[in-house]
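There are two complexes below, and they share chain A, which is joined by chain B in the first and by chain C in the second.
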Partner chain A sequence: MSKVLAIAQNTFKEAIRNRVMYVILVFAIFIILSGIVVKDLTIAAHSQVIRTIGLAAISAVSIALALLLGIGLVYTELDKRTIYTIVSKPIDRWQFLLGKYLGLLLTLYLIVAVMTAVFLTESWLLNRQIQDYHFNAAMLRCIKAIGLGCLELAVIVAFALLFSSFSSPVLSGFMTLMVWIAGRLNEDIERFAEKLVTDMSGTPETAQSFLGGLQFILGSESGGAGDALKYLFAKVAVLVFPNFEIFNGRDEAIHFDTLNEIHLQMIVVNGWDAVIYAVPYTVAVLLVAMALFGRRNFR
Partner chain B sequence: MRRRGAIRRGFLAGLGLFALAGGFSVWRQMEYVRNMRPYRPYLSISLFPGARQTEMVRTLSLGYDHMASVFLWLRTIQDFGGQFRDPFALRSLSSAFWGIVTLDPHFTEAYDFGGLVLGDEGGDLGRWLERVHPDGTHGGWPMLRTEAEAYASAEWMVEETLRLHEYGIEHDPDHYRSAYNAAYTCLMTLREPERAIPYAEVATLKSDCPDWVQGTIPYLRGRSGEFRVALSLWFSQLRDAIRNGDELGISIRTSKIAEDGVNAWNSRILTDAMNLWAAFHGGALPESVEQIGRDGFLAYSTEDILASIAAWREAHGTVDMPPGLTTLAREGFFPLDPAHPPERLRFFDFARYAEDVQTLIETATPFARITEQELGLEKYLTVENRLPDCPLNLHYLMSGNRTGIDRIALLGGIGYVIDRVDRQVRDTNRLFEDTARDLVAIVNRLREHRVASGAYPATIDELFSPGLAPLERGTGQPFAYDPATGIVRSVYFPQPELVIDPMEGVDPFLMGQPRPLDERPRPATASPEASRQS
Partner chain C sequence: MEDVIVTENLTKIYIQDFLTFEHGRPRLNLRRETKRRAALLDLNLQVKRGEIFGLLGPNGAGKTTAIKILMGIHFPTRGSATILDRPLGDKAAKAQIGYLPENPYFYDYLTGGEFLDYYGRLYGMDKARRRRKIPELLETVGLSHAASTPLRGYSKGMLQRVGIAQALLNDPQIVVLDEPQSGLDPIGRKEVRDLILSLREQGRTVFFSSHILQDAEMICDRVAILHLGKLVNVGALEQLLTARIREFEIVASGLPGEVIEGIEKTARRTLRRTNDVLFVIEDRAAADAALERIRACGGTLDSFTPRKETLEDLFLSHVGRGTREAA
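So, the complex of A and B:
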């Protein structure tokens, strides 16, 4: 484990020396602080606007950084040929990859912590003017939303590492981005699959069953092989790609004080549920990455 | 060999772990798909104009729906501030509002602001009429060609507002404001209270709906001509207000009961008359209300009312007023003079209704008995209506099971009349007391004048001459003054108790008259015993 931690420490030190990261961090802080100006531009919903901008900025910037830093993790080592000095030492490849993963995640969490501190301070200062009655509860919900965003980061970094372990940075960047988009649209893809069935006069229950929906499309007069293939593709995509809506706590953080209990429960994300989902998913992706990286020829 | 075996074992362990983690993840994912949140407005928004574009924005926002809606919100505010006088610009803002609420259906302020921009500003017919020009453009501005287009445009804006609010009612179900704003638009912009009623009723069902919104429903019912329904609602709310000790609520509800009561009664008279007229004319309807009256089908004319009131008074003799009640108050109590301003004539119907209370008792539906305390009308009991068989007596009206909506209307109307009369009585009594105070002051000054100069002044104004102690004019009313006797009277209040003789109770000697010998004071004489002791 000490080897993994050593690699992680090294990765962390390397990442914080990256000047691009600081530029993006400053940009993020600038966006978060823009709430001060935007507060005066809006005629109502001041707290909502400040919270929305802050949470979106933290989430978007941390994901952008995960992509930028994650895709180059392994490639940089290969490009600079430092990988040879590492693999020649008594360290397994999976340990190297895990160390890289943990180091990058630590870096990202540190950045998120800085942005969160800025956001909370700004909110606290602005609240002295706005006098939001639900301020403390709102901030707790915001912290929860940011925490859920950290789980999302863990999954994305795992994917970035997976793709960078066998491809070039551009390709791995593109693929990670596609996974992230597919993850964000996961529920929409499922609805698309459902719509294929319901458009052929099928019921939503039929559409929910994987084989049932497929059989219905193939048996339907208006359905064809093309529709069946689309359905199959959509259903597989829904199951394989991560569902990032599970980590979306922003709905709750922004609207918790205006919804009644019943409707609030419909948008509240169970934090433990998200952890239980994120951890095995990340482990699975990392295992694939390790398997691929373990068989890679560095020559 | 050992090395290869170890690798194979590691691989198998990794594969097993992957199968476990991956399988668990897929299983969890299936669970999430099964319990997918049905809260997003994905499927239903295709019913609305421009929804496809906003749905595309929502998809492209990749989970940052709120951020996109906030940007659109800020942009909309800026656009509205920049060109709010241009109705065409306001029309184009419609899609912006749809965008905001599609991205974030809980953006309550967007529904509010959308109602203001699209309904109040964009639905303003005058603005559209200003933009009518037969050429289609004028001075570089786009124009409408006909007035019909202006009407259609204004109507479209208002209907669009209502569609936006309906979307809010459906997708932002925890807030009353969309429903209330829709009712407001129907009432104030469309002038269609009937259409506003269901919206107002929906608003009152929301948990965040303030109490005062409850009052809009009977108000709208009344405006829609459903006076009896309105009355029952007002009455129910009045009871709640009384239970809660809400003085303002009691006051508002009572006056509303009076208004709708008057309307209900008038409506009933007119409906009866119209039915009679229609039956007499083979089902045809009269051209106007005036025609009904002209043909003699309006049974309840003002003259009838006055005659019946006069008959009642004749049968019951003069009302014995409490001694504190002044003449002016007596006059104020019976505002049944045709010379009174027209706005007061409506009370006549109620007076007549009160005359017909026996019929009311016979026809009214039995209802739960309600006490005066519950009604909160006790404070209106005063003077004449305390008489046991007076039609205005609330005891008389309320005894037995003579409740029902007609009675409620009656009580409300009478309550209003009595309230007004009460105010007059209070004001008049206050004036009476002030007059009495002034008269005492004037009479005292007259006495002083008589003592000082041996005679009364020629006019009261002399009492206010410079050099004398100041005397307040009091109420400023005219006084009748007799310089020979020094008696001064109030013109407004000629009651005998206000007529004070300056000589009354005063030693005539002080007023310059000789005192009779037997009444002259004698020096005290000492008794023989006392003389002896001294």
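So, the complex of A and C:
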């Protein structure tokens, strides 16, 4: 484990000595603080505007950095051939990948922590003026949303590492971005599959079963091969891509004080569900990355 | 003596991309024979403990491929190898190896000290041992003054030296160096040569690849010559190089034109220079006759050098003169 830690620490050092990261961080802090000005331009509740901008900035910047740093994570070592002296040392290749993964995750979590500190300080200072009755509850929900975002980062970095371990930065960046977009749209794709069935007078329950839905479409008078293909595509996409909506705690943190109980229940994310989803998913993606990386010849 | 590195029919065949570029022209590699490129074919080698073993060959001979396979960077297509009686990739064997790749590049954001500390941790060295070993090694390679300088500020020679330092961090039994003198100036090359010799004095085995034959001849106990992925010769230098004199080099000055022309007829090569003439003569009797004529005409004999077979001669006899430039 000490060798994994050494690689993680080196990855962390590489990231924090990268000046581009600081430029992005300053930019993120600027956006978070811009809420102070923007709140006066809207008719929405001031605290809600601050939360919207703050959480969006933290999410967007951390994901952008995960993509930016993650896609070159392994490629740089291959391109500059530093990998030669690493794999010739008494370490396993999986230890190298795990170290790189943990190092980047540690870096991203540190950045998220800095942005969170700025955001919480800003919110606290503003609350001294407006005395929001829901302030403490709002902040707890914001922290939960940021925590869920950290789980999302763990999955995204695993994908970035997987793609980076066998392709160029541009290609792995593109693939990771596609996975992220598909992951954010996962529930919409699921609803699309359901809609195909319900449009043909089926029930949402029919669409729950993969084969049941397919049989229904093919058996339906209005359904055709084209619809079956769309359904198949949607169902496979839902299965293959991660569901990043499970990590979306932002809606709850922003709107909890303006929604009634029924609507609130529709957007509340269970933190434990997200953990149970993220951990095996991340481990599975990392295992695939390790299997591919373990058999590679390094040119 | 015990064999520390043994390879048996070690072979590496690369599958090329379906589209490659040669001299700027695209080339499709769709057929089986053009798709596959043999970089190393049935290499059988034994490196003995405590010797300096040189792997020689022109560019593209398969030297680096062989080393990459031994270091676990590439996997062999077929064949096998053992290092210290352990199979390739074994961590206990790796812990006894120090390796310097060709044209090394390291983490330029780290200082020399940080870099060695990082690699020391990868070897599993504890903090106390690292603290003792790192300054000692920096001193050995002459980089004590640059311990706190980021590697991006190092010259090529300094990078090579810090690379050698990382290869010696673990007090390895076997030191593998891929073209350690490549790109170094004459002083740097001599330093590397001296270092390799001192490693042998310490009882370590040195396995290195090179295309600088003079240096290899000076320090190697045994050499192997690779060409187009195949082993063409291997053995101790004194066995490979015949002791017989191949040719005589005569340098003389103040010779009349007809004497020069007379000697030239028996010489393999004649070089007229501003102040003297160099004759290279293969036959001993002809060389004696040339010396007689130089004395008889009142010319000055500046030097007379019998030349034995060199590693370069042996190398060229195997790989052909056409590849000399490439080597």
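The criterion applied here is as follows: the second predicted complex is superposed on the first by the 294 of 299 C-alpha atoms of A that agree within 3 Å, B and C clash if a C-alpha of one lies under 4 Å from a C-alpha of the other, contacts with A are read in each partner's own complex, and residues count from 1 in each chain.
Convention: a residue touches a chain if its C-beta (ideal position, glycine included) is under 8 Å from a C-beta of that chain, and two chains touch if they have at least 3 such contacts.
Because the structure is a prediction, the values reported are computed rather than measured.
**Q** Overlay done on chain A, so just call it for chain B and chain C: clash or fit.
**A** After superposition on chain A, which the two structures share, chain B sits beside chain C with no clash.
**Q** Thinking of the overlay built on chain A, is A:240 touched by chain B (first), by chain C (second), by both, or by neither?
**A** first
**Q** With chain A's C-alpha centre as vertex, what's the angle to chain B and chain C, nearest 10 degrees?
**A** Apex at chain A; the opening toward chain B and chain C is 160 degrees.
**Q** Given the touch rule stated above, what does A:91 touch, chain B (first), chain C (second), both, or neither?
**A** A:91: touches chain C, not chain B.
**Q** Check the residue A:230 against both partner chains and state whether it touches chain B (first), chain C (second), both, or neither.
**A** neither
**Q** On the superposed three-chain arrangement, identify whether chain B or chain C touches more chain A residues.
**A** B
**Q** Looking at the overlay, does A:39 come into contact with chain B only (first), chain C only (second), both, or neither?
**A** In the superposition, A:39 touches no partner, neither chain B nor chain C.
**Q** Of the two partner chains, chain B (first) and chain C (second), which one does A:260 touch, if any: first, second, both, or neither?
**A** The first partner, chain B, only.
**Q** Once both structures are overlaid on their shared chain, how near does any Cα of chain B get to a Cα of chain C? Whole angstrom is fine.
**A** Result, nearest C-alpha distance in the overlay: 7 Å.
**Q** Please output the residues of chain A touching chain B within their complex, sorted ascending.
**A** Counting only chain A, the residues touching chain B are 38, 41-45, 48-49, 52-53, 55-56, 59-60, 180-181, 184-185, 187-188, 190-191, 208, 238-240, 242-246, 248, 250-251, 254-255, 258-260, 263, 266-267, 276-277, 280-281, 283-284, 287-288, 290-291.
**Q** Taking the touch rule as given, give the residues of chain A at its contact with chain C in the complex, in rising order.
**A** Listed in rising order, the residues of chain A that touch chain C are 2-3, 6-7, 9-10, 13-14, 17-18, 80-92, 295, 297-298.
**Q** What residues of chain B sit close enough to touch chain A in their complex?
**A** 11, 14, 17-18, 20-22, 24-26, 28-30, 32-34, 36-40, 42-43, 59, 62-64, 66-67, 69-70, 73-74, 77-78, 104, 106-109, 112-113, 173-175, 207
**Q** In the complex of these two chains, what residues of chain C are touching chain A?
**A** Touch residues, chain C against chain A: 68, 71-75, 91-92, 94-95, 97, 99-101, 104-107, 109-110, 114, 118-119, 121-124, 163, 166.
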